[in-house]
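Below is a structure I'd like to ask you about.
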Amino acid sequence: MSNLLEIRNVTKVYQRGLLSAHAKVALKEFNLILPENDPSILTVAGESGSGKTTLAMLVLGFITPTTGEILYRGKNITTLRGAERMAYRREVQAVFQDPFAVFNPFYTVDHLLTVPIKQFKLAKSGKDARNKMDEALTAVGLRPEDVLGRFPHQLSGGQRQRINVARALLLKPKLLIADEPVSMVDASLRANILESLKNLHRDHGVTIIYITHDLTTAYHVADTITVLYRGDVVEKGDVETVIRNPQHAYTRLLVDSIPWPNLDQKWGQHSVRSKESQAEFKANAPTP
Amino acid sequence: MNLATTENASSRNAAAAGASPILRVQDLVVTYYTDLGRARALDGVSFTLEAGMKMGMVGESGSGKSTLALAMMRMIKPPGRIEGGHVWVGGTDLQSLDDEGMRKARLSKIAYIPQGAMNSLNPVTRIGEQMVDAIKSHLSGESRQAINDRCVWALKSVDLDPGVFHMYAHELSGGMKQRVCIAIGILLRPEVIIADEPTSALDVVTQRQVMETIDKVQDELNSAVILIGHDMGLMAQTMDRVAVMYAGRLVEVATVREMFTDPKHPYSQALISSLPTLDNRGQFKGIPGLAPSLLRLPSGCAFHPRCPLASDRSRSEKPKVNVLPGGRLVACHIYDQES
Amino acid sequence: MTRVNFKLIAKRLSFLVLVIWAASTIVFFVPRLSPRNALRERFAELARSGGFAPGDIEKLITNMNQQFGLDKPLLEQYWTYLGNIIRMDFGYSLNRYPATVTDIISQALPWTFFLLLFTTILSFIIGNLLGAISAWPKSPRWLRGIATPFVLLTGVPPVIMGVLLLFFIGFRLKLLPLGGPYSIGIVPNWSWDFAVDVLRHQMLPALALVLGSVGGWVLSMRGMGVTIQGEDYVNFAEHKGLTGGRIFRDYYLRNTLLPQVTGLALALGTLVTSALVVEQLFGLPGLGQVLNNAIRSNDFPVIYGIVLFITIAIAVLMAVLEFIYPLLDPRVRNQ
Amino acid sequence: QSPLAATAPKEIAPATPLPEVPRNQTVVLGWGVALSSPIGVTNPWALPGYTHQEGNAFMWEPLMYFAIFKGEYVPWLADSMEYTDDTFTALEIKLNKDAKWSDGTPVTSKDVKFTFDGQLNNSKLPYNAHFTQFVSSTDIVDDLTVKVNFKSPAPRFKFEVLTEKFDTGIPIVPADYLSSKPDVNMEPGSIDIPHSGPYDLKAWNGNQKIFDYRPDWWAVKAGRIAEPAVKRVIIANITGVSMDTVAQRVVNNEFDSALDMRSSVIGNILAQNPEITTHTGSESPFGYLDWWPNSLWMNTQLEPYSDPKVRRAMSLVINRDVINDILYEGAPIATIYPFPLYPNLQAFADTPAVKALEEQYQPRKFDTEESAKLMGEAGFTLNGDGLWEKDGKTIDATIQGFEGIHSDIVPILVEMLRQGGFDAAINFGPDAYQNMADGKAGLYMFGHGASLYDPFEALNLFHGKYSEAIGTSAGNNRFSRYKNPEYDEILDSIAPLSSDDPKFQEGAAKALGIYWRDQIDIPIIQWLHRIAYNQHYWKNWPTAENPAMGTNGAFWAHTGLLVITSLQPSGAQ
Amino acid sequence: MEQPSSLTLFLRYLNRNRGLAVGVVILIGLVLFTVIGLITINPKHAYPLSVATKQPPSLKYPFGTDFFGRNLMAAMVVGMWQTAVIGVVAGGLGTLIGVVLGFTSAYFGGWIDSTIRTICQILTPIPVLLIQVVVAGSLDKRDVTILTMALIVVMLAWMGPTLVIRAQVLTMKERQFVSVAKLSGVGDIAIIFKEILPNLLPFIAAAFVGQVFSAVFASFYLAVLGLGPLREPLLGNIIWAAQLQGAFFNGWWWWPIAPSIGMILILASLALINMGLDELANPRVRKTE
């Protein structure tokens, strides 16, 4: 059985200056296997600076691991060339956090959809392309005539983020990396977008790596979860188990701090043992 | 243990409910005059709040939450304009004050803790200086010692080491900065505190610490707190009352319990049911359609295009605010007859 | 906390050396690319002004070429020249031989220095205040309007400005002297009267420079100001109920002024060039006038010397500002 | 390290405060004080760097001056200076017995011999060429008598070299002081050097130069002149200052005189201050004739200027009437002669022989058609831009000139040439003179600094023996590089003759004819010095009506000493 | 939602950004003056000896005539045209070099970047105008033409745009749409030209205008020092000539006035436009829409 993606012992160290001794270990000996024929949704959670985006960038091939390797369909992604590389580019896609920054402000939002169609030769004719775009937009609940031909700033955040999801739909990737796709979106829209993502997974068998710091949505979207703390995996497993019964102290603190919109689910139910252990995890707060 | 505190708070709130409100907002109207047209960002908002109460203010982005806060502070800047309404704080009508009077009222009567504390502190002066600044602008007669004591008290109230006094903003973490802002906000023990999304940029753990700080401070001052945000979870965790805004109007105000168990307005209902909880894993129910643009609001009830219960009347007539038993406010035609 | 960062200092110093090297190299080779012979021209000029030519001009030129080392291969001259620069020895003026370039610069420098000091400070203060005021939404309308004419004045080259001032204030109104560093016949001395006399003579040239350079500051300050205006901390200051004056001073001006300080060195660069013309126009015996004469007579040691001197001054000023800046701005203090 | 550099002061500041001298005993002159000479150089033999123009003329004196507008010698250090016979091979000089240096020692034969031997033996000194050509020896007869022996007849040596007028001639230098110096060319002089002139240098910096009168000046006692009224001379620096400002400062009585003005400015100075006068009073052309008539010189060795037809064609497109009209308000300044029309030279120009030649060659003629015809003959054709062209190349007619003095005339010439089809342009760069000297360029605006008394020196400028190859320096400003044996023969035959000799007149006319025939250069204008004399504080400036000492009024010339010492107070406070 | 037409929006923008509007209006005025002038006026009259001399402004000679008999009207037209040529050539070249180097530097990074950046930084403190004066002074006068003037000006004027463009490309490069374009299979070159370059147009325009400004200023400066092509009626040359002939003193005030006002208008309009473009390019400075 072949694996779609395999991450083997990947460590990423950011070097500040050329001579600087201060190196930042953003991700430590990370391992992950995503099988090809069993698409799933995997959540990577963790507080700010824990290495989530670094992981996404590694998988997308935008940065190279310091040690370890990332295999796509059994091949190291840094060595991919020609058609294989094109296939990798096409099959591994992303939805990013900021629904504004992904649009080139110079072009209308169509650009986001037409470029991949052209580059990956997804359509036989202009008409075909237009049909495909309409189809994808409709699938995420947008009316094509409402959004096409507009500039990014003329659309709302929700609309923009859904166009992003539509782009992923259009490309029907094998692997979708969603790096905090709803953190900049209104609470009331989150549900809509996550729903689209889930549909994508269900209807097209797309494997999704859902990156978030928001455990509430993670809990709802994912099958399995990996919790990162300063580049280290502190806990991983089935979502239900991890959220309901966290083992690691950090995970417990995290889960306990989730503001559930539920009057019976108040903060402090899984109480943290002592103030000290909380202080231990006070993320990055310099002592005065 | 925490539940117990909540119980305490609610009983205290119940007691306070009888008292006369410390904050009264009436028919506040704000319009932004933009190139593309007039945007009525606040359309006759009225509510009251008693001392010691915490009210959450939720609503989609652009629904006018920050505008409301700024309007209460009389800090709407061009192209915006306050076009009507009153804000009473403890018997003073802020709209009737002259500019100097309003300046004095800020911070001493009504304090605003801004959205994005990350950038709200002057990067080139020490935190202490910024605190002293604020005190001196209001209490000219205060002695050095008194000023110092006040600052130390405020910093301690928000769980910060008094050493912060001598630090610069860039030396603090996000949570600390947010707490410094709160400390500045309470320096003059204002009667009303408005916090605009104080936690949206923080991660969950810090978020919780900040909310607990606000709680604690309020206990000490017994002022009325308005917390703006769009995270229903946060509201459920910390607030006494929740106000829901939609397109510049207040569509529902209710206690937290009522809001989560029995939302009245169709928008509130949709909002509540779209929330993920531990019990409904994997089910999503978004609100269909899109938020309207303030520039071209739908006629009648602004929510009608997305409302499953919309009637012909919703399409043509703006619903007025109905007062339901227990002081609940709902702006929907459905409840017209009940009042 | 403020540890001396030797690595940074070393880096800045080596950068400084590179700047000086680049400037001296440009200045060395450019005039030599032309087939002209400065010495011959110098003699020619002497001959013309005296109405005669020395008998054996060629022989003289050979002599002088030897004396100035101009007969050596270009590269050898270049090395000698670099060596001399390191010792701050710019050689002799061809035109005013036997005066050395260093002599000439040191005589002229005080005039230019004071003129520039005076005008830089004045235009920095006026320009930044006006710029800040014009970008500050609460400043009175008439005050905001005042900035515009100054911006337009940047379009007036210093020559034109100088001529206009001379014509109207000097010729027509006879308010200020028409030129020269001090009144004719006075011997420089350390007296109050002399200082006043000098100041009166500096007024017009300084005015010409200030009027022309204020606009630059207004513009950059305005850009800065508009940026900072929207900053949350300025808004928060208002929420805190601070008075407008205090917000303007402590929150707005302090933040906008800081980055402007770094612009000082480059502004000085432009100002020096303007001063070149203005000094000439007003007959001030400063670096500008010396340089002008040198250019006209192709007195290249003097040209090198002055251009290099100015470059070094600007580069050093830039480095100094870079070191001082952290002291002014706490944000960059520890890193 | 050069000794001159080591000893030259950087700035001369008086050790004790200078005595107060009221404005009405002070004369203020606008001039460059540190433009071409280094501060502190007062020794006439210091080199390079000495110039008499920046006030140093007030310190040094010659054997004799020449009063050009009276046409007579003014004996000075010398009482007399006579050729011993009419073959002009020896000259006897008798010095004044009262002449003294500023240190109180007398000026003697020793100093004269030292001066002459220096010029003869020191190739760096300006008159070395003259001395080596003519002088064989200088003999001391007694303390006050010197005899100069010539190798060949030198009828003009007394006038050209030993007499100071305009910017030529040599001063006598102190033998004792200079002979004690290891290298006379490297000795700055400063305030220490003994000098015979009446003014002592007191202060000198980039802004001004101050001279104070020395009451024990020998010339008063000797009866050469009355006690001067000017007790202080200040040369105020105006280097690079615009003409407007200088003019205005003259109008404001700040300056008593300043460098000469362009034609356009001088009239307005008079209009604005009635106390100011000029050589011709308030009448055009406001100036006196300088010895420096300007021509468009051409390098006659360089294509196409080597073709007399082209040279003539260029002359034919110059309209001298237009020049007079535009630049000089109709005053007849444009000229056809290579020498200034001083009385004696005017007489020469008016001789029937010269008149006949002028009729024959028509040097003043303006005729574009004839010009075009000549150009056609020379093988040129007009191109699309209306410019003469040969082998696809237009004529490089860039006029080399000097910004400060030619900025009015040269643009006009350029335009006239262009209208005549010559591809003209301007070069006022500092390399202009160099281009003239080495002959790489073809066309130059320059004066003939030669004749004052008779036409010989002017004509001698074109002698073939000075015709250097292109690339080597044209000695003594002889830019034409003209070579014509016929012409040389005429000049050689008149060289030993006195100027009043009829043979001389005849030969000179013939040479002038060749000058016109071959159009060796194109004479353009007489050179005028338009100097403003401010009479608010000082009267008795030399003008046409009041010749005073008979010199020109340029204070910067060698004769400036006579101008300043003859000034009389106007009585203004 | 109905959008106002882009023309209305543009006009409204100009109304908000008054400086830009005024600058553009002045510039259009100058261009019209030059173009109409070139059509209707005999350019020969821009040179000496073509008309009566020293005439004050009149119907026949709106700007008067000068000492040498130029019609100052014609001289202004030709001078403006030549100034424009210098400005556009020098500005264009400088900007082009800046854009190419800036992009190369920022996009490829590494040693290329550090070399280009270091060179720029090293050259920055050197007073450009002085060097230009030295260069112009060293040139053979016959070689000084309108074109060489422009080249002299370009010589040390490309560092500014290079650094600006480089900084912009660097931030652009980090923008997410570039990542998205990569994900869409767009190659490096296409990313530069199709994704990044269009967004830099306001910056490039601003850099261009800034370059034109300094080019015009520098050429004017050189001309006023008498280092320009002297026969040409460049505005600086006319002022230079007027100064040499003592125009103010002689009461020929119109002679230096016309070119001075012309130069002030050109430079002021460019300064205003540059300021306006700055506002357009920098969203933080951009006034709210």
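Order of writing sets the labels: A, B, C, D and E. Residues in every chain begin at 1.
Throughout what follows, contacts are C-beta pairs under 8 Å (C-beta built on N, C-alpha and C of every residue); 3 or more make two chains touch, one makes a residue touch a chain.
Since the model is a prediction, treat every value here as computed from it, not as a measurement.
K.L.:
Applying the touch definition from the top, give me the chains sitting in contact with each of subunit C and subunit D.
P.N.:
E
K.L.:
Along touching chains only, what is the step distance from subunit D to subunit E?
P.N.:
1
K.L.:
Counting C-beta pairs in contact, does A-E beat A-B or the other way around?
P.N.:
Ranking A-E and A-B by C-beta contacts puts A-B first.
K.L.:
Where the centre means the average of the CA atoms, what chain is farthest from subunit E?
P.N.:
B
K.L.:
Need the CA-centroid distance for the pair subunit A / subunit B, whole Å please.
P.N.:
The computed centroid separation for subunit A versus subunit B comes out at 32 Å.
K.L.:
For subunit A versus subunit C, what separation do you get between their C-alpha means, in angstrom?
P.N.:
55
K.L.:
If you average the CA atoms of subunit A and of subunit D, how far apart do the two points sit, in angstrom?
P.N.:
90
K.L.:
Two or more other chains touching the same residue: where does that happen in subunit E?
P.N.:
Those would be 1, 3, 137, 140, 243, 248-249.
K.L.:
Two-or-more-chain contact residues of subunit C, please, as numbers and ranges.
P.N.:
34, 36, 163, 167, 171, 292, 295-296, 298
K.L.:
Residue numbers of subunit A touching subunit E in their complex, please.
P.N.:
Per the stated touch rule, the residues are 60, 62, 86, 89-90, 92-94, 96, 98, 101-107, 112, 115-116, 119-120, 154.
K.L.:
So in the complex, which bits of subunit B are touching subunit C?
P.N.:
Residue list for subunit B touching subunit C: 73, 75, 77, 103-108, 111-112, 114-116, 118-125, 129, 133-134, 137-138, 168, 170, 181, 184.
K.L.:
In the complex, go through subunit E and note every residue touching subunit A.
P.N.:
1, 3, 175-177, 179-186, 195, 198-199, 201
K.L.:
Quick one: which bits of subunit B touch subunit A in the complex? Just the residue numbers, please.
P.N.:
Residue list for subunit B touching subunit A: 1-3, 6, 58, 60-62, 160-161, 163-164, 167, 171-173, 175-176, 203-208, 230-237, 256-257, 260-261, 270-272, 274-279, 281-288, 290-291.
K.L.:
Considering only the defined contacts, which subunit C positions touch subunit E in the complex?
P.N.:
15, 18-19, 22-23, 26-27, 30-31, 33-36, 151-152, 154-157, 159-160, 163-164, 167, 171, 215, 219, 222-223, 226-227, 230, 265-266, 269-270, 272-273, 276-277, 291-292, 295-296, 298, 303, 306-307, 310-311, 314-315, 318
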